[in-house]
């Protein structure tokens, strides 16, 4: 009985952390969605303003639950609630945020070690930005078939994306991730855990990730994210770069697409109802 | 003058207003024709209307699509704030280029692609607003559940709508504490404005410290209550899913909606040809 | 046959040095209405969570002994199985509601346990709680009392035989608290449910409960019929429970030989009428509270209209053409049921709500024209929920925060002085949220008066507190009479009103229906009935004996007895000699509070 009870307690803690992370980060993204993005000259602050919230929570609690909770919160509060759902492209953000938060949380064995906290927070931001920049570059590469053939295109894409990432990192990484996390973690440590009926994290009870599997999973997820992002871009780019399509062609193409979607949905419905009736 | 205006706008866009708008968007439109439709029908509908515009290139076709999604958005009675965000979003993505080109005397060659792009972005966004804002949260989550999305997501959606008013109020009170007891720097000069901005950002960041602790206190009771209400059993029991989804039914309204949408979509596709004939 | 039988139950939280429950033995008969009493931290909630299986299955710890609920072995049977036998309503019930709409919430548990008729079951539970009309509404649009009933309906939907409620009235105003208890009585009497409440409001225990159990230090002290239990004055006081005022007064009369020692102590007004019959009782003039107000208006409302945007339909009007003046130096109590507009009135005064039309002027200056920081120099609001007052990580930092922002000189000394004054020395460097209810309340008052505002607004300063802490806060608030000039309190706590206010404003649906001294207001039957306020028990007792009597505390009441008055006068003449007769403790302390 003691084993099942300990397991159950762990489950309940995970659910609590999930709920907490989801609602807090969800609210934060909802608020940031309402603040229009600031553009100063060519420097755009496309900042995940509130990344410090899941980062802080991940360093104090179970990182996986926090990461999933944060990603779900963003999806539910700012995408679905405000109807700003961007389709399949959202998958990219969902995954990059989860990976970054999860890694930051597992790296910090002892939240009292502020140096480690700082490095992890900054590193996670850098990782998230690098992943988004990578996805952006891949998008262009994927969209333009003669990517290498267009003179100057590769250089300019790498430059602008790289510049944006570095700019974001210096600005948002420090102002919105590093400093707030350094402010919050030591203040919350030892205070927030008892409220949820948990023990504060120490080096002894810190979560231990399986490094190899973790890395593999991260890479796989990143590929999925990149794929999803490219897919979402596909429609836009195909039409843009192949503008000499005839009207008939287009109509046929759309007709095909419709047919495909309907067929897929119909198949799925059949599968689903079969599964339900079997259940 | 400008100062006065911006202050006025700031006053309007108070967190109270935002809270009201979000609630209105979430709960205030559950008696619209859109909300009465079967969620599965709407999700499939979104799969088409949210994707198809990307594959269209002719302006009349896209214009027709845009008009259609605008009508459905109107039918869903979406809160004004959501429309403002939508407008800002479209403008930020492509609209500003279009306007700039217009101002600097762009010709048809430069304008058309930009107009096409803007219309695409706008129709897809409106389709998503119709479905996600127009449906009430519970029906939306049932619909997603039916399509096999994880139960955790469906619970999160319902729970988010439950917890949002509570959290908004909590955040509002904390921010008020800061506003009343703190003292924002004067913002007459440019330096003052910068300092004021920094102060505001700092306040928001700091207000998450009390918010996190307060929410932690709450979520413990919530999770215990969920356990007592058998939430964990339900996620492992396929019967529950079956019972829950049995409330979904496709009715004649849905059939009419599908038929109308399909007919309109065909009309859109045929539009360039029709215009040619005329 | 008992529905719950607990034998030798001991429970220790992980990491705790001492067990929270020590060898608890308790049997609860089916169909009982049981009150569980005890001081904070005596293990009441832990016991109840053991009964519904959360302990030890969900909240880990070491458990020994046996606990059988409706024939099931609670510590081992699954929580879900047990939930069909025991329903639970939390003290912070708001967090227990997890679904967006009312019917959805009520039927959620039934759905989770795969009962196909879950909607009907939810509806039935709503009917039992009188909420069927609101089945389609959203949870957030309910009032606090309705939310509590909804939490109860959610627990009832599984048709448990036992229902446990943790402090059901703590967060409700008296009117709604009564409604909840009426529902519970109905469930108990008509449907045979066993009801267990954690409760320390003795007036509710006397009126509704059949039995009461007293817990002390994790063990059960005794179980008795409710009325008998309330007569154990010493045991109750030792556990920080404030015994019924009528019983206290009767005990004092017995001690002084005025009441026959053989008469059982009365615990309710009805019993009191019988027990005090035949003893000469004459109304004495009420001790008028000295008013120290001036003619200078501190706050002036002129034709104020307020309307809120609503989510659906037309805006909701809270005030329409309200005119009201509060003079400098007044101590005002705002009373009225929930939704009468008390909180909105306070928000108007500190500029958080701007009137739709009309003006609210603070010492002549309209709130429209003052910046928020300027307003906070003139008026300070202490929220109902003290947790929202804490924005820094220590109480000291919170007290200093406003002074630091304004660059006040000597803020450290002033903060220290406030910390001393509100007895926060040991707590000053802790986070406010992690303290007990009474400590939080004291700290929030210290934060509220840090800037020494000329006007202080307190929203429900005694809500959610157990009786002992409540008395402490009443005393602290009474202390403010000397420090802050104009104080306005919104409250349901008539004890506080009597001890503090020299002017009572009664609001009902946004209109002022009563305005005067406490005597005037409490004696105006029309106002009392329309607003649903309940004067203190002792006031009603005196009123029942002599309709002209105005008594706000036990001493006033005692002094109306001719025999007691004579004794007291004699004792006052040879002061030191007469002390042996007097019961120490409670009465003296209260007298101090009153005269402070």
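Order of writing sets the labels: A, B and C. Residues in every chain begin at 1.
By our rule, contacts are C-beta pairs under 8 Å (C-beta built on N, C-alpha and C of every residue); 3 or more make two chains touch, one makes a residue touch a chain.
Nothing here was measured: the structure is a model prediction, and the numbers come from that model.
Ranked by how far their CA centres sit from the centre of chain C, the chains are topped by A.
No other two chains have as many C-beta pairs in contact as A-B. Between chain A and chain B, the centres computed from C-alpha atoms are 19 Å apart. Per-chain CA centroids place chain A at a distance of 46 Å from chain C. Between the Cα centres of chain B and chain C there is a gap of 41 Å.
Shared contact sites, meaning residues of chain B that touch two or more other chains, fall at 159, 161, 206, 209, 213, 217, 219, 222, 224, 226-227, 232, 239. Residue positions 58-59, 393, 431, 433 of chain C each touch two or more of the other chains. Shown for chain A are the residues in touch with two or more other chains, namely 12, 187, 191, 195, 197. Those residues of chain A that touch chain B in the shared complex are 11-12, 15-16, 18-20, 22-24, 26-28, 30-31, 33-34, 36-37, 50, 52-53, 56-57, 72-73, 75-77, 79-87, 175-176, 179-180, 183-184, 187-188, 191-192, 195-197, 235-236, 238-240, 243, 245, 247, 250-251, 253-255, 257-258, 261, 265, 268, 272, 276, 279.
In the complex of the two chains, the chain B residues touching chain C come out as 17, 20, 23-24, 27-28, 137-138, 158-159, 161-162, 165-166, 170, 173-174, 176-184, 206-207, 209-210, 213-214, 217-219, 221-222, 224-234, 237, 239-240, 243-244. Contacts from chain C toward chain A in the complex involve residues 15, 56-60, 76, 393, 431, 433-434. Listing the residues of chain C that touch chain B in their complex gives 52, 54, 58-59, 79-80, 83, 88, 90, 92, 94-101, 104, 108-109, 111-116, 118, 138-140, 154-155, 309, 311-312, 350, 352, 372-373, 375-376, 380-381, 383, 385, 387-391, 393, 401-402, 405-406, 431, 433, 447, 451. Within the complex, the chain B residues that touch chain A are 13, 18, 22, 25-26, 44, 47-48, 50-52, 54-58, 78, 81-82, 85-86, 88-89, 92, 113, 116-117, 120, 124-125, 128-134, 140, 146-148, 152-153, 156-157, 159-161, 163-164, 167-168, 171, 201, 204-206, 208-209, 211-213, 215-217, 219-220, 222-224, 226-227, 232, 238-239, 241-242, 245, 265, 269-270, 272-273.
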